[in-house]
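Sharing a structure here in structure tokens format.
In order of appearance the chains are A, B, C and D, and numbering begins at 1 in each one.
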Amino acid sequence: MDYQKILEEISLEIKPLFGLGKVANYIPLLSKVNPNKFAMAITLLDGTQYKIGDSNEVFSIQSISKVFAFTLALESYGIKLYDRVGVEPSGDPFNSLIQLEYEKGIPRNPFINAGAIVITDTLLKSFKDDKTTLNKLLEFIRDISDNKNINYDSDIADSEMSFGYKNMALANLMKSFDNLYNEPIDVLKIYFKQCAISMNVKDLSRAMLYLVHNGSDPVTKKEFTSLRRIKRINSLMLTCGHYDASGEFAFHVGLPGKSGVGGGIVAVVPNILGISVYSPELNSHGNSLIGTKALELFTTKTGLSIF
Amino acid sequence: MDYQKILEEISLEIKPLFGLGKVANYIPLLSKVNPNKFAMAITLLDGTQYKIGDSNEVFSIQSISKVFAFTLALESYGIKLYDRVGVEPSGDPFNSLIQLEYEKGIPRNPFINAGAIVITDTLLKSFKDDKTTLNKLLEFIRDISDNKNINYDSDIADSEMSFGYKNMALANLMKSFDNLYNEPIDVLKIYFKQCAISMNVKDLSRAMLYLVHNGSDPVTKKEFTSLRRIKRINSLMLTCGHYDASGEFAFHVGLPGKSGVGGGIVAVVPNILGISVYSPELNSHGNSLIGTKALELFTTKTGLSIF
Amino acid sequence: MDYQKILEEISLEIKPLFGLGKVANYIPLLSKVNPNKFAMAITLLDGTQYKIGDSNEVFSIQSISKVFAFTLALESYGIKLYDRVGVEPSGDPFNSLIQLEYEKGIPRNPFINAGAIVITDTLLKSFKDDKTTLNKLLEFIRDISDNKNINYDSDIADSEMSFGYKNMALANLMKSFDNLYNEPIDVLKIYFKQCAISMNVKDLSRAMLYLVHNGSDPVTKKEFTSLRRIKRINSLMLTCGHYDASGEFAFHVGLPGKSGVGGGIVAVVPNILGISVYSPELNSHGNSLIGTKALELFTTKTGLSIF
Amino acid sequence: MDYQKILEEISLEIKPLFGLGKVANYIPLLSKVNPNKFAMAITLLDGTQYKIGDSNEVFSIQSISKVFAFTLALESYGIKLYDRVGVEPSGDPFNSLIQLEYEKGIPRNPFINAGAIVITDTLLKSFKDDKTTLNKLLEFIRDISDNKNINYDSDIADSEMSFGYKNMALANLMKSFDNLYNEPIDVLKIYFKQCAISMNVKDLSRAMLYLVHNGSDPVTKKEFTSLRRIKRINSLMLTCGHYDASGEFAFHVGLPGKSGVGGGIVAVVPNILGISVYSPELNSHGNSLIGTKALELFTTKTGLSIF
């Protein structure tokens, strides 16, 4: 398949959509990104990359980090994790407290905010202190991306912290139901740093390879998790990866994927390739508007939907 | 792959699970089925079938009929259908009114009861009267199953009608929001007949072939819908096919599927095969307990999950 | 106190409010009433009446009938009634299904629609058939109003029935939770007739006397219920008489009262008087806009709030 | 009326109820109170007091403080307050986040926790710093109780703070909706001290006099608020004073009142007397079980319900 040609076609076809979405504005720093950026990258199992647009531009990966933290938590904590977080779609926006209260502090899945906070809490419990926890997560992400320079943006982390009332509400609610080991504030300090990790689409498509393959890196041969677990993770990305638009993403794109409010999306074509797209304008569900469309075009053009 | 051997292994491994679930008891007729029945069948693209257990036993397909009605409605009504029913997982039990009221009478997806009632309403609008509507649906199911003898069980339909207060509540609520064309009672009369259609696992696995393939029957060459649409239908089965256990089914089985309270489940391995299982004892989510496990064993043994 | 003068003052002060509300339009017949009608009447314990405006104009009492049906059900069914209906404010609009589903078919109180339907079901169970049930209720209302000519408007009842999908949904939902003895349709046929009873403000203020006094009529000496029960009924009117604006009514008016979408409101000043007001334009909560204001002016001018 | 005799009768009649409720145990200090304590006091308009039981025993007034803080906030902030907090019963437990999220951070009324936190936030805004705010509130309570020695228990305040995750969740949720001026933690520090104020039933029944009378103290003649406002406050206590058992309290007791999880309840007989009862065992709604019964006996024996 001529992936480069497909990327070029897509980059032309999405042009009319600029200006239709809205850059995230819940923190000042994110609202300042250039709305016209666009980038897309594909990494094949042998490491070959195709890319188009601003593919060196790093951006805040935000909720995409939930996939990495979840993988690490599964490894360090095992299936006991499922006592504390479910595997069902939430049917609600990413930060709703309603379901969480009805379900007594057990979040629906690890890819909504409440679930991701539980995951970070688990990592903090496993790795004991905040520094080690963050380092373990960064190491993991550097390993799967094969890029030692990946780091988080402390200005963004600080800014998220100072506007993070909704997440504080979620964390405190779970703590009141005894579903956090650590103090809410301590968990959130790590969580906001994790969300503020900066990567570009090349890094992100590369980072998908362990999910494309069998849990190990097909190039470096490092082992990260089991085949059984990557099937679980991919299934969760499909059913829960896009908040209350997860059904729509599955419906239109047909790939396991995960989006972040920074404008990035990652997706997996099992056994074939990892893909990532970046465009900061969001649709009404908080997912990259152009990014979603670009991935829909990709599966239409290639026939690579899983369905 | 030696499908027959795999079916035999599965039929042994699920033996210890008999007695752990509960046969549906909301209508007297369903509660009388033999809880020890078990059947499983596979149909390949060329029509070859593998089967085990009580594979000639017909049972009430119940909610599995929603897949067939939805396909027919898409053909007769087109994408305007999506103004009246969504494509998101509901995160709630199959018959919850809560979400329906908050969302002003628009059901989350066509595979929860409210959504299926809207679909039947659409068919009745398209085909004008109840007789024609039911006949069109039966014809379609006979065509895709390649079995002219399929029919509905009028005793079960009558029994459902006389205990159908919850569905009457759903239909009336949607009517109050102007999301039904016809009178609630007229729609439900057809709906309950549709749910009371009787098939066996051979019929059902055969009926999946149009979803396995490209919307047409690979054996008879009859065309039913487009490739684009079967991808949508499969995606919806994956994210919404098992009520509030859809995430768990995707997580453990990893195939698009649809269950019914009669104890049947159908599933699709894209491009390869259709599969169906029958075991009337249900788990707490209203899905066949042994059926779900049998399908999990199937994807584990064959590696045929879509993830 | 010069009640006549107070009524005259009020009738002047509410003039600027005409046109600010909206006449009920969920059934065609109600939407045709003259929005400029206004009437108010007071009946003292000795039967003396003061009135102003269109006090002979009869109108559909609608939800005000819930007070009378509840009184009758308490007498015929006793305190077992509280197993089937609560005594708490609902905090939700009059016809919400959400709370009803969470609370397994037990309505919050007898003055929301679901609760009133349970009450009518109870009357039908007690009095065996629809004719007797309706006659018993009419007799009771004629007795407490001391007016033998009160009847229901069958055109309005029919019209409510043909648009009554929301109430059908409520009734069917409760039936599915086993909280109706009779078939939903049979209960609603009586319920809509009960709501379509026509009275004027003189009748209604007179009808309050048994609640003003000790459960018996201070003029005719007929006994209807006990002192203990009228305290319960008055307390329920205060906390639950105006749907999700009950708190506001208590806050601004400070009297036990009940409104109907026909534009009428009744209220009770314990030990002193019954009062009724009529003005068909409704506020956003479905209560008479001018009627509510008129009663607020009444308690401000007379100091007769219970607080 | 022989109030002393009535108190004596009540104190005998409630004896069999000891042991049926449960002392609050969400913080260790509260769980250690003696469950067998019982006290009741009445203060007439002229200051005469009647009392029985452990009437010198001080206890944590907890949510009763919401009445005092609300009165003070009305005085210092005026009716703009109603933009930030409603006047409707919540129909939900005292600490539910669900309604708060649906209603975009505006609490239903000032007597549920979320509403009381908004009130404390308002006081902090009016009085600028935490010390002044707490002092103003203490001064007000000392004034209306005519007892200069009233203070808060700092051990209880600290303990509440360290277990106050649910309230932190509420405060952060409201802050995320822009309905707090100050930082959640700063508001809660004052809020928990306010809840930890210690008083006995004599103080509390005395403190009601401004609500019995016309907003001023009938003995000391100090003016606290207007007649109009005490009617509002009394109405709110009646409809919202007992969380999701407010309707039941109105139904059985028939007086404006407010309870606290410390086991205290206050109530008002307009124009006649203030009353308070203390018994630490709570019913399932978090209100004093024996206290509620004692007040029901009081209105039954005296006929002093407002209905």
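FYI, contacts are C-beta pairs under 8 Å (C-beta built on N, C-alpha and C of every residue); 3 or more make two chains touch, one makes a residue touch a chain.
Because the structure is a prediction, the values reported are computed rather than measured.
Annotation of subunit C and subunit D: not jointly contacted by any chain, touch as defined at the top. Each chain gets one centre point, the mean of its Cα atoms, and the points for subunit A and subunit D are 47 Å apart.
Subunit B and subunit D have CA centres that are 55 Å apart.
Among the residues of subunit A, none is found touching two or more other chains. All chain pairs that count as touching, in label order, are A-B, A-D, B-C, C-D.
Contact residues on subunit D toward subunit C in their complex (touch as defined above): 86-92, 99, 108-109, 230-232, 234-236, 238-240, 244-248, 250-251, 254, 256, 270, 305-307. Partner subunit C is touched in their complex by these residues of subunit B: 96-98, 101-102, 165-166, 168-170, 172-173, 175-176, 184.
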